[in-house]
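Below you'll find a set of structures to go through.
Both complexes shown next keep subunit A, but they swap its partner, so subunit B is in the first and subunit C is in the second.
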Partner chain A sequence: MTTSTATRKSRVAWIAATPALLGLLAVFVYPVLDGVRISLSHWSGVGPLDWAGLDNYTALLDDADFRHSILITVAYSAGVSIGVVALACALAAPISRGVRGSGFYRVVWFLPSVVPTAAAGLFWSTAFQPGYGAVNSVLGFLGFGDQHAWLVTPETAIPVIIVVAIWANLGFAFLIVLGAMEQVPISVYEAAGIDGAGPIRQFFSMTLPNIRPVLILTLMLEAIWTANDFSVVWAMTNGGPGSSTATLPVLIYKEAFSFTDYGTAGAMAVLSGAVLLLLGLVGLRLSRGKEQ
Partner chain B sequence: MKALRGFLTQTPLALWTAVAVVPFLLIATLGFRDNTGIFANPLGLGGDFLPENFATAWNGPVGSSGLQGMLLNSLSAFVVALILNLGLGSLGAFFGSRLPGRAKHVYLSFFVLGTVVPAVLLLVPLYRTFNSLNALNSPWALGVVYGLMTLPTTVIVLHGFFTAFPEEVIEAAKVDGLGEFAIFLRIVVPLSLGALTTAGLLLAVWVWSETQIGIVLLQNADSQTAAVGILGFKGRFTAQLGPLFAGLTIIAIPVIALFLGFHRTITKGIALGGVSK
Partner chain C sequence: MISRSLKFISGLCALGLVTAGCSGSDSDPDKTLTVQFSQGQEAVYQAYAQNFEKANPGVKVNLQAIATATSTGSNLTVITSDNAPDVALVPGNSPAYTSLVSQGGLRDLSAVWTASDLDKRYPEATNALTEFDGKHYAIADSTSYYSVVYYNVDLFQKAGITAPADHRITSVQQLADMATALRAQKIQPLAVGGKSGWEISWMLDALLPTATTPEQMTNYLQSWRAGTDVTAKYTDPGFAGALNQIKALGDAKVFQEGYLGADNLQTDAQFQQGQTGMRLEGSWFAAMIKEANPNLKFGWMLLPPVDPAGKTQLTGSATPQFSIPTKAKNPELAEKYLNFMLSDEQQVEAGLKVGGYLPAVNTVADTALASLDENVQQMIADSKTTGLQSGWTSTVPSTLGQALVDPQIQALLAGDTDAAAIQAKVQAALETTRTK
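What follows is the complex of A and B.
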C-alpha cells in the first residue's frame, strides 16, 4: 500500500468516525459543563443565568432535605444493589447447573426487567394500598390484616420501594451472575463431588469465591444505577409524603421543576453526579482488571 | 430421595416465577374491572367484565390525550433515535476501529467513559438548552437526545462485532476497486445486520422505558411518550383504577412481545453492552 492511499484511508476513517464523537460532546460534555455553570448561578427557568458564586453550594450545607435525601439515597442504593445481587446468586445457582425448566426460568424471570419501571412502580404502588391493594389483600387472607398503609410513612415506604426496585431490576444481575457461574470450570465441582461436598456447600465454598470479581463489579454497577434511578420512586410515592422518600434524582427533579430553583437543583446534581461519576470510574477500572 | 430433592429445588424456583409473573396477570385482569369490582375483589377474581376500560385508556380522559397519542410519541422518539444511533454508531464503531495506532483506543475509551456519566448531571442543562432552542414538548427532539445518549452502548456492542469482522473480505472488496466508505455501506453493513438488530432492540427497550429525561423535556401531556404519560394517568384516573390497569397492560404488551420474540438477542446484547435501564 502506498503512503497516499494509507493517508486517504485514515482521512476517511477520521471523517466517518467524528460525528459520533460530536454526539457525545453534545449530550454529555456540553451539558455537564453547562450544569456546573447553572450550579454557580441563580436561575428560575427563564432569561439569562444570574451569577451566584458558591451561594447554592453553601446553602446546601444547611439544607435538611438534601442531607436527608443523601441518607435515603445511600440506603436505597445499598438495599437494592445488595438485594439484587444476593437474589441473583440464589436464583442463578440452580439454573447454572441446568435444573429442569432452566430455559423457561431464564426467559420468564427477565420479564419484570423489560417493562417500563414507571409502569411497574405504578402497579406496585396500587398493590400496597390499604384495602384494595393486592399485597394487602393477600396479607389479609393470611390473617395479617389488609389495612396497612405502607406508603404513607417513610419507615415502611422505603423498604417497600427497595423491594419493588429489586423486583424490577433483577434481570441484569441475574444474567451477568449466571454467565459467570457457567464459566466456573466443571473440574472444580468434580473434585468437590469426590470429596462429598453437597450442593449448598459447593455453592458457598466454590461457586461464590470463583465469581467474586463479577459479584463486586455487578454490585457496584447496580449501586450506581439505583442511586441514579428516578422512575421507581417517582411512580410509587412522588418522593412523598413531603420529601421523606425523595432520593437525590427525585429531589433534584422537584427542586428544579416543581420549585423552579434550578441553581439549587444544579448544585445538588453536580455534587451527587460527581460522586456517582467517581464510583463509575472505579467500576470501569475494576471491569478492566477483570478482562486482563 | 431423588424426587424429594427435585421438589426442594423446584419449589423456590416456582415461587419466584409466581412473583415475577403473577403481577402481569393481575394487571391484565384488573384492566377489565371497575372500582367496585377491584375493591370487592382486589385479586380480580370477580366483578363486572368491562373491556371498554381499554378504549378509555386508549382515548384518554375527556379533553386530554390517551395512550394512542403516547404510543405515537414513543414511536416518533424511537424512529429518530434509531436512525441517529445506528447511523452515527455504526460509522463510529467501524471507522473508529480503523483509526491509526493509539487513536483507535482513545476513540473507544471516550464511549466507555460515556457509560458512566450519571443522568442527574444532564437534566437541568438539557432542559435549559431545549428551552432556549424552543424544542421542549417535541418527541422528535427528545429522540435526538435518546439517539445520542445511547451511542456509548451501541458503539461498544458494535465495536466488539466489527473487530472480529474478517479483514480478507475487506481486502477483496478493495481489490475490486471499492473505496473505504463504499466498502462500509455495501459490504460491512449488509453483513452486520445481526449486530445492528441487537443494538436496535436494546435501544427499543430503553426508549420504551425511559422516563427521567422524557419527563423533563416533555412537559405537555399531549407530547409525552408512553413511559412518561402513564405517570400522569395516576393523577387523571384516581377515581378509576380500571383504565389505569388497562393502560399498564397496553404499555407492557409490546415490550413483552418484543422480548419473547428476541430474548436471546436482547439478553446477549445486554450482557455485551453492560446496560440496565
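What follows is the complex of A and C.
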C-alpha cells in the first residue's frame, strides 16, 4: 500500500467516524464535563453556579453517610454480581449439555429480565412485609412464623435486596454464559469423559476455565450495573431506615432532589463514576489478557 | 372578465384565510392552561379544571400529575424552562421553593392576594407560611389536620379497648396498653408507613408543641428566617423530649410489625381492610376510608403529650403549593385560575365535596362543612375549642425539617442514632439555613 493510499484511507475513516464522534461529544463528553463543573460549585438547581473549588469533595471526606454508602454499594454490587454469575453458571451448565426440557428452561430463567426493575422491586418489597407478604406467608405455613420484618434493619434488608437484584438481573448473564458454554467444543468433554472425569469435575476443570474471559466480563458488567442501580433499592427500602441501605445512587438522588444540593451530589457522582470506570478498565484488561 | 373573476376568487381566499385565522383563536395555544398537581389527587384537580373550563368557554386546562419526589426536585428544571407550566406545583416548605423565589423563578402573587382578599380570608398562620420577603409566591388551596390516630371501632370493641371520649391519649403507657390488647387478639396495632419517611416525622409535629412553651414553639417555627432571633435551640430539652417520646413509642411496640419498611399506601389499605387497629393519618383519610370501605366504623385520637399536664392540640397545615412561574405563557389566566380555586364555591364544589379537603379560606359557610365525615367535623369543632398547632415540618424549609429529620427519626427508631445526635444535626442545619 502506498503512503498516499494509506493517507486517503485514514482521511475517509475520520470523515466516516466524525458523526459518531460528534454524537459522543454531545451525549457523553459534554454531560460528563458539565457534571464535573457542577461538582465544583454550590448550586440549588436554579440560577448561576457558585464556584466552590474542591469544597464539595473535601466535605465528602468527613461525611459519614457517604462513607457508609460506599461500603453498602460495594457489598451490594459484589453480592449481586457474584451471585448472578454463579447462579447463571449453575443454571446454564445443564442446559448447555442438553438436559431434558432445556428449551423451556432457557425461556424461564430469562423471564425475570423482562419485568421492569421498579415493578420487581415493588412486588418483592410487598412480598417481604410481615404478616401479609408472600414470603412471610410461606414461612408461616412452614411453621417459621410470618412476622419477620426483613426490611427494617440493614442486616436483613441488604441480603434481601441482593437476592431480589440477583433475581432481576439473572436473565442477561444467563444468556451470555450459556452462549459461552455452548462454544466449548464437545470434544473437550468427550476427552475428559474418556479420562474418567464426571460432570462436576468437567464443569470445574473444563467448562469454567474455557469461558473465563466471558465470566470476568460479565462479572465486571454486573458489578458496574448494580453499583449504578437505583430502582431496586429505592423500591425496596427508599435507602432506609435512615440511610442504612442507601447505595450511592440513592444517596446522590436524595442529595440532589431532597436537599437540592447539586454540587455535593455531583461530587459523589464524579467520584463513583471514576471508581466504576477504573473497575471497567480492569475488567476489560483481565478478559483481554486471558484471550491473548 | 377573467381578471375580475380572479380578483373575486383571490379576495374570497384572503377573506377565508383571515376568517380561519380568527376562528382559530378558540384552539389557540394561549387558551390552553397547563396546571400541575400532586399525583394521587386526580379527582379533586380534575374537578377544579372541569369547573374552570365550564366557567371560561374556550379555555382548555391541561393537567400534569407530579409525584411528590419530583415536585421537590427535578420539577425545578421544568418550572424554569421555556416549557414552564402556567400553574406549577412547588411545596412551600421545599428547598425548591426557596431556590425559585430567590432566583426570581416565580411571579409575585399580590394580584391574587388582592383579588381573593387573602389577607382577610386566609388564617394568619397561612398568610405567614406563604410570605417570603414581604411578598407571596404560592397559594394553599386546602387545610388539613394530620398526625391523627384513627382507630377501628369494631376491633377496639373486640379487644376490649375504650377509646378516650375527649380523643386524647394521655400517656405512652395508655397507647402501649391499647397495642397490647390488640396484639392479644392477633390484630396489628398502630400502623405507620415508616418507609415513606414523612409519617414518622409527623409525630414530631404533634409532640413538639407538647414539649415546649408556646414562645419556644413559635421561635422554632420562625427562627430559620435570618431576621428572627434564635431564642429556642434545637439542642434544648424540649426538642429532645419530643424525639425521646417517639423513641419511647417505638420501644413500647405501639406500631405494627415491620413499620419501618412499610409503604404508606399499603398501610392505608391494611387499615381500610380492617387488618390494623389504628392508623396514623390526616383528615383527608376519612374520605378515603369511606370510599374504600363504606362499612368500616372508625374514630380518632391524638398522640400522648410529652408533658402529661399538657393537652394535645390537633396539628394543622395549609401548605402553600401552587405558584405561577415567571416563564408561564398565560400568567393572567393562571392568576384567574388560582382565584377560581380559592372562591368559596370551588373550595366546596371541588375541594370539599370531591376530595373531602378542608377549605383553605375561612369564609366558607359552616353549613357547607356538613357534608364532611362526622370525624372530620369533630376535628373542626375540636380545633375551635382547643386550638390548632402548626406542624413544624410543614412550616420550616425541608432541608432543616422534613428532608433532614425523616431519615434521622427512622434511624432513631431503628436504634442507629440517638436524640442528642439528631439535635446537633438540626441545630447545625438551622445555622446553615439562616446564612443562606
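FYI, the second predicted complex is superposed on the first by the 258 of 292 C-alpha atoms of A that agree within 3 Å, B and C clash if a C-alpha of one lies under 4 Å from a C-alpha of the other, contacts with A are read in each partner's own complex, and residues count from 1 in each chain.
Going forward, a residue touches a chain if its C-beta (ideal position, glycine included) is under 8 Å from a C-beta of that chain, and two chains touch if they have at least 3 such contacts.
Keep in mind it's a predicted model, so treat the numbers as computed, not measured.
Asks: Using the touch definition from the top, say if A:Gly131 reaches subunit B (first), subunit C (second), both or neither.
Replies: In the superposition, A:Gly131 touches subunit B and subunit C alike.
Asks: May I ask you to decide whether A:Asn228 touches subunit B, subunit C, both, or neither, giving the answer as first, second, both or neither?
Replies: first
Asks: Contacts for A:Gly35 in the overlay, against subunit B (first) and subunit C (second): which applies, first, second, both or neither?
Replies: first
Asks: Once the shared chain is lined up, is A:Leu281 touching subunit B (first), subunit C (second), both, or neither of them?
Replies: A:Leu281 sits against subunit B, while subunit C stays out of touch.
Asks: Would you sort A:Ser272 into first (subunit B), second (subunit C), both or neither based on which partner it touches?
Replies: first
Asks: Is A:Pro159 contacted by the first partner subunit B, the second partner subunit C, both or neither?
Replies: The answer is neither, since A:Pro159 touches no partner chain.
Asks: Regarding the shared-chain residue A:Gly45, is it in contact with subunit B (first), subunit C (second), both, or neither?
Replies: both
Asks: Quick one: is A:Ala256 in contact with subunit B, with subunit C, with both, or with neither? Answer first, second, both or neither.
Replies: both
Asks: For the overlaid complexes, name the partner, subunit B or subunit C, with more touching residues on subunit A.
Replies: So, of the two partners, B touches more residues of subunit A.
Asks: Hey, what residues of subunit A end up touching subunit B and subunit C alike?
Replies: Residues 45, 125-126, 131-132, 256-257 of subunit A touch both subunit B and subunit C.
Asks: Can you tell me which positions in subunit C touch subunit A when the two form their complex?
Replies: 69-70, 72-74, 76-77, 80, 94-96, 98-100, 102-103, 105, 188, 194-197, 256-263, 266, 270, 275, 398-399, 403-404, 407-408, 410-411, 413-414, 416-417
Asks: Would you mind writing out the residues of subunit A in touch with subunit C in their complex?
Replies: 44-47, 125-126, 128-132, 147-153, 157, 237-244, 254, 256-260
Asks: Considering only the defined contacts, which subunit B positions touch subunit A in the complex?
Replies: Interface residues on subunit B, with respect to subunit A: 6, 9-10, 12-13, 16-17, 19-21, 23-24, 26-27, 38-39, 42-43, 84, 88-89, 91-96, 98-100, 107, 110-129, 131, 145, 147-149, 151-152, 155, 179-181, 184, 205, 208-209, 211-212, 215-216, 226-228, 230-231, 233-234, 241, 244-245, 248, 251-252, 255-256, 258-260, 263, 266-267, 270-271, 274-277.
Asks: What residues of subunit A sit close enough to touch subunit B in their complex?
Replies: It comes out as residues 8-10, 12-14, 16-17, 19-21, 23-24, 26-28, 30-32, 34-35, 38, 43, 45, 90-91, 94, 99-101, 105-120, 122-127, 131-134, 136-138, 146, 167, 169, 171-172, 175-176, 179, 221-222, 224-225, 227-228, 230-231, 234-235, 248-249, 252-253, 256-257, 262, 265-266, 269-270, 272-273, 276-277, 280-281, 283-284, 287.
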